[in-house]
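Look for chain A in each of the two complexes below; its partner is chain B in the first and chain C in the second.
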Partner chain A sequence: MISVKKVNNKPLNLLERIYLWEIARGLLVTTGHFFTNLFNPAGILTVPYPEKTIPLPGNAKFRTRHRLKLRSDGSPKCVACFLCQTACPAYCIHIEAAEYTENSVEKYPAVFDIDLSRCVVCGMCVEACPEDAIAMDTEELPGGALGRGELLLNKESLLRNLPGEPSLLGASNRLAGEYLKSRGER
Partner chain B sequence: MPTITIDGKSLEVAKGTTLLEAAQQLGVYIPRYCYHPKLSIAGNCRMCLVEVEKAPKLMTACSTEAFEGMVVHTASDRVKAARRDVLEYLLINHPLDCPICDQAGECGLQDYYMDYSLAKSRFSQADKVRRQKRRAVGPQLVLDNERCILCTRCVRFCSEVTKTSELCVVERGDHSFIDLKEGKALDNDYTLNIADICPVGAFTSRDFRFKQRVWFLKKTPTVCLGCATGCLIEAHHNENTIYRLVPRPNAETNTWLCDPGRLTYKAVQAGDRLVKGVIKNGLIDLEPALREAAARIDEARAAVAVLGSPWLSVEDNAALALLAKDALKTGNYCFDFNTEQGIKDGILINKDPAPNTNGVKLVKAAHGGLSLEELSRRITSGQVKVVLAEARAAGFIKDALKAAAPRLIAFASNRGEIPAGSYATLPYASYFEVPGTFLNYQGLRRRTAPSVEAPEGVKPLWAVINKLAAYSGTSLRLDSADEALKGVRS
Partner chain C sequence: MMEFFEANKDILLFAGAAGAKLAVFLGAVMGFTALMTLAERKVSALMQDRIGPNRASVFGFAFNGLFQPVADAIKMILKEDFLPGRAEKLLFTLAPFFALVPVLALFALIPFGDYVMVYGYQVELQVADLPLGLFFVLALSGLAIYGVFLGGWASKNNFALLGALRGAAQMVSYEVVLGLTLVGLMMIYGSASLQDMVRAQGGLLFGFLPAWGVVYQPFAFILFLVASTAENKRTPFDLVEGESEIIGYFLEYSSMRFAAFMFAEFIEIVLISMLIATLFFGGWQVPYLYETGFLFPGGAELPLNHYLVSAMQVGSFAVKTIFFCWFSLVVRWTLPRFRFDQMMNLCWKALLPLALLNILATGAALLYLGKL
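Coming up: the complex of A and B.
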């Protein structure tokens, strides 16, 4: 069933047809915002994205930027099985596999690139992963870059998890710490 | 000639036919692991169990011969339950390696589990019996005993096909595993076939290991040009890169494929692949190289000698013949190669390392030409100033080239092939990149199909010859490879 909504477009009255009054009314709104922002910058409604972002609501389950999880020894959990690349509808994941000579895991990703400019943030890669190695829980919304290069995540930046964090282990540990804290184990 | 009934359909089969073969003739597929049409019957995997009326137990279809009046059911409830149980049994101790296993995607266990089982495992992952993981056995293979289901296809392959018997099953009962015999190494010329026939990921190829997942691969049927046998193969490639070659079993030539043949694709992607011309030892762009070579040809004209090559397709040889006969109008051309042919090792590898010795004979029949000795004599006597030859074929007139030192203009696809002392070398597209016709040692017509694209600027050889003709002031006006075939009996 298509629902039908009747719209009653009233004909313009004389004051509106003259336009001048309506223009003045519009300018009044703009000027009002201008002076509010000038004297009360804290009350500005817009955010200069991406320099500033609004923190996401704490309980919201958003799909955000990807990260690769680590094992306790610091190696990536990913075994380069290519299932995320297979599942990806946007063809934004590029993996090259390599072999550990000693490790019993045998296989690891030598290259793991995600092109965020192609990513449609569907979360299929997370669903497909048999090793629970990829997650989209960094709470960082992709986008807002000055060049395409900035949107290309390589293995290092996926393992680093958050921008500006010094060590590879830092962010994973922080996320793991937060998780444990939320369960009351730390 | 017994008549049997399989799933309600009657069929008359030859005496000695097994139930599995009879079902195949009817188009009924019976799952199997240990059965392989070219190996002896082992009957150990129990996957092909079928119900035969009046028989007390289920029978293995691969090892039961058809008898008059047999009534066989391949999809009854008892058979389905048996398949599910056999799969559960095989999977109890099979490791959960699929994410790191190269066989995933073409694995017998995965496929049959989806088709015949879909049962939840009743065993805990922690209880799985651990065995020796990956270990390199021989130059081409990796063996993972944990993944093995002991179908013994590999053991039978080594003892029946290559007759080298490197592998055996050691220990007994549920302790048994596949191992190399003492003092042996898995280094015969056919080891990669074991990776193909292994229904699980126990044997995997070291060359292909972790390079690509099999479900990404596109398949192009083509021909192996490793020797005169001309095996039918399939090139598996993705995004303009060939990853492996596998045999296309056929009655005439091959079921298997030799290891050297499987690795012939490497030259196409090798680092020394020629994408530019070479003058003396310096690389220069293709156009100036072509013009330089053409200028040398134009100087000599009737003193040019052209040598065909058993490594080139019939089309490219015919284009060379046209260049000599019609464009340059020289009598110094030779399409006379008589390498001894025949299977060298009793399996596949031919005595003749060139793929198209028989194809060149067609060109010789159409265009004539000198014998190889006569051409060598003319070069040695100094009446030839410029020689045009494919790089590997130039080896046939090596001594004459050394004695008289004419300018050699060679055609090569890789730098490593360039003969010593060549004046100019021009690149051409490999037969993995352009189609070409070849005649194998049995005289069977084999046509290659392009599976990847040639590097930018690299043209098929007939097009290179066409350009050489145009630049040297003559003309061939070839628009396609088939035009060169005019007058050649195909």
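Coming up: the complex of A and C.
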């Protein structure tokens, strides 16, 4: 059954049908904005990004520039499992894996590149990561570059912890802990 | 050689003065039009609580976007000049000229000041004072239809043709209203020369009110304002362009050919603002300012130098023009577009009868006052 919604459009009265008065009222609104902004440009909300940035408004959790989390010993949490690279719909992640020489149990990323010019900021990599190693919570909005090179993130620029974060959580941390314990270094 | 100069002194002086006036006035107009393209974006930005273009810079100095027209021009020149394979090559090339030339020619008729004395010669501040100037204005602005129609038709593109058809219908319709609103003015001033009309607006009504056209013909002013906006093909009458639906008659144009159409539109804004100032707001007249200086209604006098008076008159004309250019931009960024049938109804069922009534009322009033 199709529901029909009756809209009660108020018929225009004479003053409104002449247009001119209503046009004048509309012009009053726009000229009001024009002169307010002309004499008080500081009141305009536009932020001249990227020269100036402001904290992101509200409590919304935006997906922002990626980062790779670190363990407390400074090594990347990432185990180079390629799940994020596989999940990425934009093919913007490039990983080359390598093995720890002293620890044959796990791998680490020798190269971890993210091409932000291709990234669609979908967050699939974060969801795919089994190690909780990649995150998009830096609150830096990607973009605003003068060349493509500036949008290419390598491992060094991705590896960072947020303040007070060094963490031992994660499966590989346990493995690493066991390994370190077996060597008597913990 | 000297004999030749002596024998043809008058005509040489006339040619020199006309050339100088043309260079100065047209240069000022073209420069101002270039700034209008920036002003349109800046004004719309400020109206919508934005900043507008402010990045184009020369050696790091942006001056809040002052170089944007230069950047636009360079970009337009460097774009590919595309010619559609099926287009009528000759007419397609000719159309931008038809759009640009009539509006440029019209500036010759606008009086931008009274006169200045240069080395004892009286130089009229108007390029060409035609006795039938107003008719010439209407005739040339009618020619502008060719630019629209040829551009749309020669493109061999359905949407461009649709835009051109709309444009031709719209411009022909509003041309009628535009002409009829001015009849009342011609009846009152008894002249069709623009300079004469401006001079006639120098007096006072009831001893204190400047005898501007808008005081005599407020109704015609509103009709003219509406009709000229429609003639200019700008929002709320931009069905010709209709950005969101058919893009318009210049759909197939690119590079400087497109820029010619766009520039013609902006020149037309300036031109229409000048015409409104000239016909309805006293042109270069400053209230209570006469050839010798200010003479206020209370009897107070303030004698002024001839050059100062001339400068104030030209300045007054510039201020009026700039105000109406700004007003045109504000209207363009405030109102939504009419539907085509609404626009035609407005023209033929509202504006045209009102314009005719205005002529009737003006005639009756003149007859009653015994001035006919």
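To be clear about the criterion, the second predicted complex is superposed on the first by the 114 of 186 C-alpha atoms of A that agree within 3 Å, B and C clash if a C-alpha of one lies under 4 Å from a C-alpha of the other, contacts with A are read in each partner's own complex, and residues count from 1 in each chain.
Here is the rule we use: a residue touches a chain if its C-beta (ideal position, glycine included) is under 8 Å from a C-beta of that chain, and two chains touch if they have at least 3 such contacts.
A quick note: this is a predicted structure, and the numbers were derived from the prediction, not measured.
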| item | value |
| --- | --- |
| Which of chain B and chain C A:N9 touches, first, second, both or neither | neither |
| Chain B versus chain C as contact partner of A:N40, first or second or both or neither | neither |
| Chain B versus chain C as contact partner of A:L20, first or second or both or neither | second |
| Partner chain in contact with A:A80 - chain B first, chain C second, else both or neither | first |
| First, second, both or neither for A:N59, with chain B first and chain C second | neither |
| Those residues of chain A which chain B touches in one complex and chain C touches in the other | none |
| Complex interface listing, chain A residues touching chain C | 20, 23, 26-27, 29-31, 33-34, 37-38, 41, 44-46, 48 |
| Of all residues in chain C, those that touch chain A in their complex | 43, 46-51, 54, 222, 330-331, 333-335 |
| Parts of chain A lying in touch with chain B, wherever the complex brings them together | 79-83, 86, 97-99, 104-107, 130-131 |
| In the complex with chain A, residue positions of chain B that touch it | 98-100, 104, 133-134, 209-211, 213, 215-216 |
